[in-house]
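Same chain, two partners: subunit A is paired with subunit B first, then with subunit C.
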Partner chain A sequence: MTTDSTVGKRRDPGPTPDPAPRRRTKLLGRQPLGLAFSAPYVIFILAVLAYPLGYAVYISFHDFFFTAPGVAVERPFVGLQNYIQVLSDPDVGRSFLNIGVFLIINVPLTVALSLILANALNRVTRLRTFFRVSYYVPYVTASVAVVGVWLFLFSQNGLINSLLGSLAPDPSWLVNSTLAMPTVALYVTWKQLGFFILLYLAALQNIPEELYESASVDGAGKIRQFFSITVPGVRSASVLVTLLATITGANLFTEPYLLTGGGGPDGASTSPVFLMYQEGILQGNPDTAAALGVILVLGVLVIALIQRRLVGGKED
Partner chain B sequence: MAKDFQHTMTKTTTTTPAGAPAPPPRTSRRKKGKGGLKPLSFILLALGAFVFLFPFYYMLIGSLQTEPDTSITGAFPTVGNITGQNYVLINESINLFRGLINSGIFTGGVILCTVIFGIPVGYALAQMHFRGRGMVFALMLLVQMVPFQLLLIPLYVLIVRDYGLADSYLGMTLPFAINSTAVFVFRQYFLQLPASLFEAARIDGASEMRILTQIAIPLVRPAIVTAILLTFIGPWNEFLWPFLVTKDAAYQPLAVSLANYISNVAATAANPFGAILAGACVLAAPAVGLFILFQRQFISTNIGSSAKG
Partner chain C sequence: MRRTTTKRTLALTATALMGLGLAACGGSGDTGTPDAGELTSGPITIWYSNNQQEVAWGEDMVAAWNEANPDQEITAQEIPAGTSSEEVIAAAITAGNAPCIVMNTAPVAVPQFQQMGGLVPLDTFEDGAEYIESRSGEVAEQYKSADGQYYQLPWKSNPVVLYYNKDMFTEAGLDPENPPLGTQDELLETSRTLVESGAAEYAMWPSPAGEFFQSWFDFYPFYAAATGGTQLVEEGEATFNSEEGTAVAEMWRTMYEEGLSSQEAYTGDSFVDKKAAIAISGPWAIPVYGDKVNWGTAPVPGLEEGAETSTFSDAKNMAIYSACDNKQTAWEVMKFATSEDQDRALLEATGQMPIRQDLTGSYPDYFEANPAYVEFADQASRAVEVPNVPNSVEVWQTFRDAWGSSVIFGNESIDDAFSGAAEEINTLVSE
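Right, the complex of A and B next:
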């Protein structure tokens, strides 16, 4: 009944509605049904994201182990013990070092190549759709599928080594402890580049044509224009690209698992997420794995802040 | 204001003298591009396209070879070396059809939940005024920044251990059920519709449910296609989570069973690369096909709300 009366009032365009529905409007908004429309999504987020997020932190501070469903066991609070255990594990140090190598190769390569290709794409009109589609295809394809081809291409007797002839690296790419991680980084750059090209392409649309025109009037060449107009013009996109590329790097799992056969050779391409899987799920130590997850996320946050300073530094 | 005006003034005065002999400035650059004489850019792009497409071509060729030929001539199809045997081989080790069905159920479940629950939220965020709207919006943005690796262990503990949802479609689907990016896309599209339209419908006494289903949804059909495509590639390509949840081959999506084949079984096969690449083609084909078919929708999403037409 009350809903009817509100509808009636709303139908009336009079300037002073009844005080009762007005108070309701003030409390829940003009269309309180919006709450009902949002409820399933909010419940989903709380159940699948917010609660597990808190749970991860809880697990990382307790002596946690797997039990059969419904069995109540004591899981004592252990303070920072899991964190200490993780940080003193040489494998963890190795995996963070690997990710460091990965990021040093992947992030600058991604930023440079995607900006250059986006810029070229922006100038050329012929075959534009074809180019856009071909750059984006690796991004929409399952990593598991393309990993198959890369294994084939980079194997001992693969096409890449056939092409290189005597220049081929001796322990081949993926089984070479110095080259394994760079190859993984190269693979991920190739796979993700299309997405970043589109990000830059969108950002390039926001640079006013007039800037290029007045620059060429002033005698600036194409290369000068690229560095003085294009690069600063897409700075906010660059911040986003470096951030997303870093997050992708920190999430690395499928590639070391499949491309280098489980982080080999000899742990030269393990990633923190791969260790979380090994420690937490295979060996049944979810507590240290959760601690590793927390450390990893904090690490990404710190790197993101540093990058923001570096890339977006000159922003007002 | 005055400074702004002066700024535009100086700008026009600098451009006019140069623009006088040439065509008007707006079109000049575009025309230069159309003239096709951007050889360096074009070569760069063609080189890029080759690097991006060649592995896919090689995937197909490799999947059809009787004997893996890794020499340079092996990159071209030779009549004597073509076979469908690899597809039979991989199908004997991992049931391709079963894998496709499982991937389909997993992906379909996510798409269904995203459409059913995501559209109302997107609409509410764009065209309804209610308490907490800002919070829901902030939540949606925040969610996209939560790294999955932090959720890995707790979700595994909860879904697999506590709720016992290992080897089930529900356990697979649950963490991905509503795609937040799709919700964002819905909101962006609903936001582009004029608010007066909805005000008018409300004054006429239409319920919100009716406005949503009979006015708003028919107007954003392209958004729904876009969101479905966008949502599709997530679960279809997802490896880590279904890999953790499904140990029983009968429930494994194709990405998981193919990955297991690559890491375990391949060593015992006669032509492991042929079989792997055959499986890879089957896994890649639906996503690549859909993408090429609907590439316009895919690309316009990423360009974002700048596409107003």
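Right, the complex of A and C next:
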């Protein structure tokens, strides 16, 4: 019997590979076609988000205002002057405080309510579509239309105060410096709940039913099952919901604009984005508006990082 | 680990990108010099208001011009929808696609548009200043920019007066034909009577919202009346931190404190819905109120009885925008649209007051047939405009913030709020 042994022999290195394809692979990856598929979205992101973001950072370091094409104006580099101006403005400090109050109420409430309601909806067998649509309708309805309903509910002579009678707050909800922002936070929570319920519903489908059955056999009740199976099972959705609720909340604009008459009462519901609108669009100061925007982005990033650490858990 | 880091980087980048939507609104980085351009003639585009009556007038005016000038045709459209006309116009200036003429240019926005290089100085035209001054008389001075040039043609005003509900006055035991609204003190007493008698839920219900322009319909008319026509800023100095300014503020503070006015915004028209007994509006409101309310009008009262009072003009003007190719035609169209005949047509169609000298003398038959408008014509000659100063919008926002804090919500004393705002405004107008 003869055997071909390679032991002790050097392998034939074969023909030397052409370095060109290797370079191409290194540059374009193993699936160059993937680049072609993702190109439209990448271009979209670059044009619609990345370029404006970069331009905003540029504006924030210059003495900048909008002009007609062909108008020659000096836009000198001013370093951190716009940032100093923004940070020394008490209205800006107050708007960040307001948005802090908003996030403290809105984000946990959004996560808790949407998870509980999604869990309940997941178990409902009758009228399931009706309930799902009911929760989703506020989300898809224009704020302008929905705000009218809330004004009817929360105004001085509105339904809520009528029900509360002598317990109604004075001044009323939307003109009360303490209650205006919490009312806005409640409104936004209610309005966006449908979207977040949908995210949780999708996540709930990934939890195997067997886990609940085993837990039940082991004697775990519904509440124990919820905290020991459902909550950990939708952790990735919770991270997403927390992040999205924080980002949309930090960018709050429409609600204080419409519900509290432009950030009222006396600035108690002003948000940073509302101030950016005032400064940049109404008053023609895009430089300070951009500086405020950059600060807001950095703030949101820090909060998002902290949240990811706290909520993300073992996912990291 | 590396994958996690990449994922996190991507997530954070996406977060950053999503968060900066508003901070970056394009702009022009072009260079070159502002060019008044050659004064050529040819087709032009114009925007006019989307107010129904003004659209009807505009269509007729354009048809008349186009028939007589087929080689310089006007293409007209209503101003595109936006949060406000000023935002739409500013965006169009930046993009370089503003029309030749915008027929409802707000005086408060003119300094900003001018700074953007978006407006053509009308003094560029041979008869520019002369035409404006001969048509509008002394009032024209208020529309001159800081550089001494006209960037707007004063077109029409809506001098605001008090509209009152005669039925509510009767119910409260007040004489509806001679309403006790002669002074600001009298107005306060009348307001108390109206509310305490139960005839009205509120005496007056101006918007308490924080938008910069809201002070034109609560503080400013009363301040103009109290001072005989002083602007908010004169000769580079804020004027409102004065005895008269404080008196007006204290009157309104009392209105809010005693529940005679509401701190909450009303979503409809509180006067039409009979929630408030008195409204502050211009002549445009006559067709709106029509027969829905049994109304009468009275001038905005000053501090003293019998004085000939001033009020806020609420004017809208015409301006030529620098993107225009045929500026000479634009100027000729502006003159045509503000001619005696077209002013009559505007008056008849809209009830708004052309900013023209001797208005009642120019159209005696109209005012004889429409006596309700005489009050407005009388006020128009003494109407006060917003000051034409740098950072105009910011100036008004600063004032509004101080007003909201001290007068509407009483979180700060009027003296502190007014002196702080005056100081800030003095800095803004000197920039």
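Everything below uses one rule, namely that the second predicted complex is superposed on the first by the 266 of 316 C-alpha atoms of A that agree within 3 Å, B and C clash if a C-alpha of one lies under 4 Å from a C-alpha of the other, contacts with A are read in each partner's own complex, and residues count from 1 in each chain.
Simple rule for what comes next: a contact is a pair of C-beta atoms (placed from the backbone, for glycine too) under 8 Å apart; a residue touches a chain by one contact, two chains touch by 3 or more.
None of the values given here were measured: they were computed from a predicted structure.
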Fit or clash between subunit C and subunit B when superposed on subunit A: clash
Subunit B versus subunit C as contact partner of A:Thr67, first or second or both or neither: both
Which of subunit B and subunit C A:Glu213 touches, first, second, both or neither: first
Of subunit C and subunit B, partner touching more subunit A residues: B
Subunit B versus subunit C as contact partner of A:Leu49, first or second or both or neither: both
Touching partner for A:Ile59 - first (subunit B), second (subunit C), both, neither: both
First, second, both or neither for A:Phe227, with subunit B first and subunit C second: neither
Partner chain in contact with A:Arg123 - subunit B first, subunit C second, else both or neither: first
Partner chain in contact with A:Pro171 - subunit B first, subunit C second, else both or neither: second
Touched partner set for A:Val297, first subunit B, second subunit C, both or neither: both
Which superposed partner A:Ala289 touches (first subunit B, second subunit C, both, neither): both
Subunit C-contacting residues of subunit A that also contact subunit B: 45, 49, 52-53, 55-56, 59, 64, 66-67, 69, 148, 151, 155, 247, 250-251, 253, 261-262, 273, 276-277, 280-281, 286, 289-290, 293-294, 296-297, 300
Partner subunit A, residues of subunit B touching it in the complex: 11, 14-15, 18-19, 25-26, 28-30, 33-34, 36, 38, 40-42, 44-45, 48-49, 51-53, 55-56, 58-59, 62, 68, 70-72, 74-75, 117-118, 120-121, 123-125, 128-133, 136, 139-140, 143, 146-158, 161-164, 174-175, 177-178, 180, 183, 202-203, 205, 208-209, 212, 233, 236-237, 239-240, 244, 255-256, 258-259, 262-263, 273, 276-277, 279-281, 283-284, 287-288, 291-292, 295, 298-299, 302-304, 306
Of subunit C, residues touching subunit A in the complex: 4, 8, 11-12, 15-35, 86-87, 90, 93-96, 98, 112, 115-118, 207-212, 262-265, 267, 322-323, 391, 393-394, 397, 401, 404-405, 408-409, 411
Subunit B partner contacts - residues on subunit A that touch it in the complex: 7, 10-11, 13, 27-35, 37-38, 40-42, 44-45, 48-49, 51-53, 55-56, 59, 64, 66-67, 69, 116-117, 119-121, 123-127, 129-138, 140-153, 155, 157-159, 161-163, 190, 193-195, 198-199, 201-202, 205, 209-210, 212-214, 217, 247, 250-251, 253-254, 257-258, 261-262, 272-273, 276-277, 280-281, 286, 289-290, 293-294, 296-297, 300
Partner subunit C, residues of subunit A touching it in the complex: 45, 49-50, 52-53, 55-56, 59-60, 64-73, 75, 91, 148, 151, 155-156, 171-172, 174-175, 177, 243, 247, 250-251, 253, 261-267, 273, 276-278, 280-286, 289-290, 292-294, 296-297, 300-301, 304-305, 308, 316
